[in-house]
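When the chains are written out, they are named A, B and C in that same order, and each has its own residue count from 1.
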Amino acid sequence: MTDLSGPGRLARWMFVLPAAAYLLLFFGYPLVKNVVMSFQQYTTTTFYTGAAPFVGLLNYSRILSSELFSEALAHTVLFTAASVLGQFVFGLFLALFFQRRFPLGGILRGLLLLPWLMPLVVTGTTWRRMLDPETGAVNALLRGLHLSASGVPWLTSTSHALVSVIVVSVWVGIPFNTVILHSGLQSLPGHLFEAAKLDGAGPVRSFRHVTWPLLRPVVSVVLVLDVVYTVKVLDIVLVVTGGGPADATETVATRAYELSFQQFEFGRGAVLGNVLIALSLLFALVYLRVDRLARNV
Amino acid sequence: MISPAGRRAWRVSTHLAAILALTSAITGCVDGSGVESAGDEVTSITVLDYYTDTSEHAQWNDMLATCGKAAGVKVEHTSVPPASLVPRVLRQASSRALPDLLMLDNADLQQIAQTGALTPLEPYGIDTSGISEGILSAGTYEGEVYGLAPYVSTVALFYNKDMLAEAGVTVPRTWDDLKRSAAALTRSGRYGMAVDASATFESSWQFLPFLWSNGGHERQLDTPQAAQALQLWVDLVSSGSMSKSVLNWTQAEVHDQFAAGRTAMMINGPWRIPALNADKDLNWGVAPVPVPRTGQNLITPLGGEVWTVPQGPSKARQQKAAQVLACLNDSANMLALAEQHFTVPSRTEVAARYAEQNPSSAVFVESVERARSRTEELGVRWPKAATGIYTAIQSALTGEQTPEQALQHAQQIATGD
Amino acid sequence: MKRVPRRGLLSTLVGIVLLALMLFPVYWVVNASLQPNGNTLRGGWFPLRPDFSGYAVALRAQGRALLTSVIVSLGSVVLSLGLAAPAAHALARFSLPGTDLMLLGVLITKMVPGIVVANALYSAYTDLGLLNSHLGLILADSTAGTPLAIVILYSFMRTIPEEIIDAARVDGAGPLRVFRSVVLPLSVNALITAAVFTFLFAWSDFLFALTLTTTQTVQPITLGVYQYLGAHTDQWNAATATAVLASAPAALLLVVAQRHIAAGATEGAVR
């Protein structure tokens, strides 16, 4: 730790340099490039002619004034909020459940991770088929249990489709939330629970007054990670509904993809990419702020 | 203390190094293959189309192989789902990775030609004489012919004869007939009618016979005629005669529903006939798409895929591809392909011969004569209109908007940029 | 032996039910892949007569895609660890100026949407000729693995006691020797954890596969799965068999490296 001069110092820099260069090239460059692209007009011929003229704020005004954008933004916020809430609540429930010691507990907890590790495309196609209103397993089950005679129009109704993608997103997110919250719970000092028990606190009270306050830092991390991750989700929506029906599940991410890679309007796609980054920063900052205020009170 | 772990780490890192070496070796050889400098002899060409249907793919594979053999090349044939073909081609165009021979739906040709990705066919000395006007103009952009189609087709109404007989209904000829028959044919677990109403160009294409036969026009979508046509589809869904899932079905999936007996009637094209024929349990028939009222003229969209020679790395490859293209479009192969796919040869005199020999294909031969090409009026702006149309279909069928509102929005999309 | 049983077994039962609910979609896709071929829009609930023809078709059609996925994923592991391990060591040990900035940068990468990276890379790759190449995908896929590997390795390497390293230095080892013969061997577990996740991330990648390849030549298995959508349902068992094959590494690693996966997850920030 001492010798910070001469060849030794150079050698030390060589340890970080490749990674730093990589991160700059593959994160820094895209961030800058997206800002530049968002002021340019790309068309299907751009890559032939190389012509992508600068058009000022045209892309921004077009995108921000379009009806589809406000819809996509609303869907994104709803999708993110509902997904994160669902993942977190179910995750916390399972984490608390697995805190008990019982035979096979560890193995079951391990197997629970599978939905998280599967490729999202696989998850998406599987759920798409399962949610098929006519032939899907979910409606077959609902009909079999006499919970719904005609079945739920999971993928064909504009009011249900967003719910469907949220269900899938929750399913994907539960394992991650469970694991982190579980390990958070494990690291809490056990004697506090013993004390609470001795004071005659029931499970609900001991959760509210002992577990939850102690778990707060872990909860913050989990929620911020959930939000940052969910807000940019593309695969699930693209595969399960393709943004439909009638654009009912179009999000900022899917619109960005379509504009860039289906219609070759990279400039407008870049605008939405920037919106996405802003959105995720905003979510994270607001949450951290609210959290700090709540803890200071 | 450290040494066992140290040895293990060493082993791990040697393995990693070996993998890295292997990876780069494989990467190198895979990437290197298939690229030859100009002047080398061309031994194979790549072909891209959207014939993903198993039997259709196999038939085209054979024909391409035969034509390839005649030209002295092997053919690497790839098929992708219809909706993903154009985006893929656009990306290939920008990455200079286009196939040597490319199939396009005739309505997409002008858009792709506009990007500069295709080469005109005339310099290759390809014979375009006697090709019927509609498909030739669809294959033309700014006065140059870029694509030729061996056959043309259109859509029609397919019906399950057994189901119609059992329900006691006749083949519908008018929209009212269609609604009545579809309702009568609907049972638990089965719908009367199916169309492709997905958010893709395929649904715009299926909607056109309804739009055009009612006096509607893609140039002006917010008209009462267009709204009536869309209302028909809405009625079929809201009465329960058509599944709401049509919103997500591609033409291929509509076919699967029909083949599985889950719908009694469907709109589809003649290229499905080989697969339908292969299913021995299926007793099906085909009729023209119903018109609004008796005696009205049916106008259907002109279908048919044009073959093109994209810009490529070498003139030699383009030349070979053009030879294969010419072979696909010569009179004998044209007739053979049309017979295989139950479509209509695109050279008028071959079509005449074909109609004589195959009276059963009368429905399509007749319809094709009156068929209109989708790019006839709008040219490169057709994709905008098509986007407007399917957006309207989706909004109206989900009940988000009335047909009138939906079509007003469609018109905005069609004329916006 | 002790008086755990009654309540413990009840919990086990509840746990199994919960897990069955969670894993139903997994069961369902496996079941669908074992149904006989044909136009089965609705197969049975159980694979009473398992039919493996779907797998035969899938392997024939997707064999090359599987190989591509293996190459790309292993390549991404090598690249990510190759970049991350030295960097993590330096960040943990050298107190170089800018260490905090770098760590912050690593955390910020989580907020960069893949579509933004793809957008920029597409045009860059077009110019560099990296579209449709293994290298291009490896580089792009490592955007998920590298920051993660840095975090995992950094938080482990920080815990290596200074004395061990000093001892090696006294023996005359230079920085490279210390790293290679002391730090790396001690970090084997963390390395494996990072490798497992890097592999899985690259394997699951869909966005870069979708946007940075335009031909069939370098097409990972996730695209193979995607392309069955909207095509005919008469290949339903092959489509689901492909999906199962695409999930196999996840399942396999979950069994053989569960400890590492749990460790990686809790070390945080795997997302």
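Some notes on this structure:
Criterion: a residue touches a chain if its C-beta (ideal position, glycine included) is under 8 Å from a C-beta of that chain, and two chains touch if they have at least 3 such contacts.
For clarity, every value in this text was computed on a predicted model and none was experimentally measured.
The chain with its C-alpha centre at the largest distance from the centre of chain A is B. Chains joined by the most contact pairs: A-C. Centroids of chain A and chain C (each the mean of its C-alpha atoms) stand 17 Å apart. With centres taken as mean Cα positions, chain C sits 37 Å from chain B. The residues of chain B that reach two or more other chains are 91, 94-95, 198, 262, listed in rising order. Contact of a single residue of chain C with at least two other chains is seen at positions 41, 126, 229. Of all residues in chain A, those touching 2 or more other chains are 47, 134, 261, listed in ascending order. By the touch rule above, chain C contacts chain A in their complex via residues 4, 7-12, 14-16, 18-19, 22-23, 25-26, 28-29, 32, 41-42, 82-84, 86-87, 89-91, 93-96, 102, 105-106, 108-124, 126, 139-140, 142-143, 146-147, 150, 174-176, 179, 200, 203-204, 206-207, 210-211, 221-222, 225-226, 228-229, 239-240, 243, 246-247, 250-251, 253-254, 258, 261-262, 265-266, 268-271. Chain A meets chain C in the complex at residues 1, 8, 11-16, 18-20, 22-23, 26-27, 29-31, 33-34, 37, 47, 94, 97-98, 100-105, 108, 110-115, 117-123, 125-130, 134-135, 137, 140, 171, 174, 176, 179-180, 182-183, 221, 225-226, 228-229, 231-232, 234-235, 239, 253, 256-257, 260-261, 266, 269-270, 273-274, 276-277, 280-281, 284. Across the interface of their complex, chain C is touched by residues 2, 5-6, 8-10, 12-13, 16, 19-20, 23, 26-27, 30-31, 34, 52-54, 78, 80-81, 83-84, 88, 91-92, 94-95, 97, 99, 198, 250, 252-253, 255-257, 259-260, 262 of chain B.
Within the complex formed with chain B, the chain A residues making contact are 44-49, 132-134, 153, 155-158, 242-248, 261-262, 264. Those residues of chain B that touch chain A in the complex are listed here as 87, 90-91, 93-95, 111, 114-117, 198-199, 243-245, 247-248, 262, 391, 394-395, 397-400.
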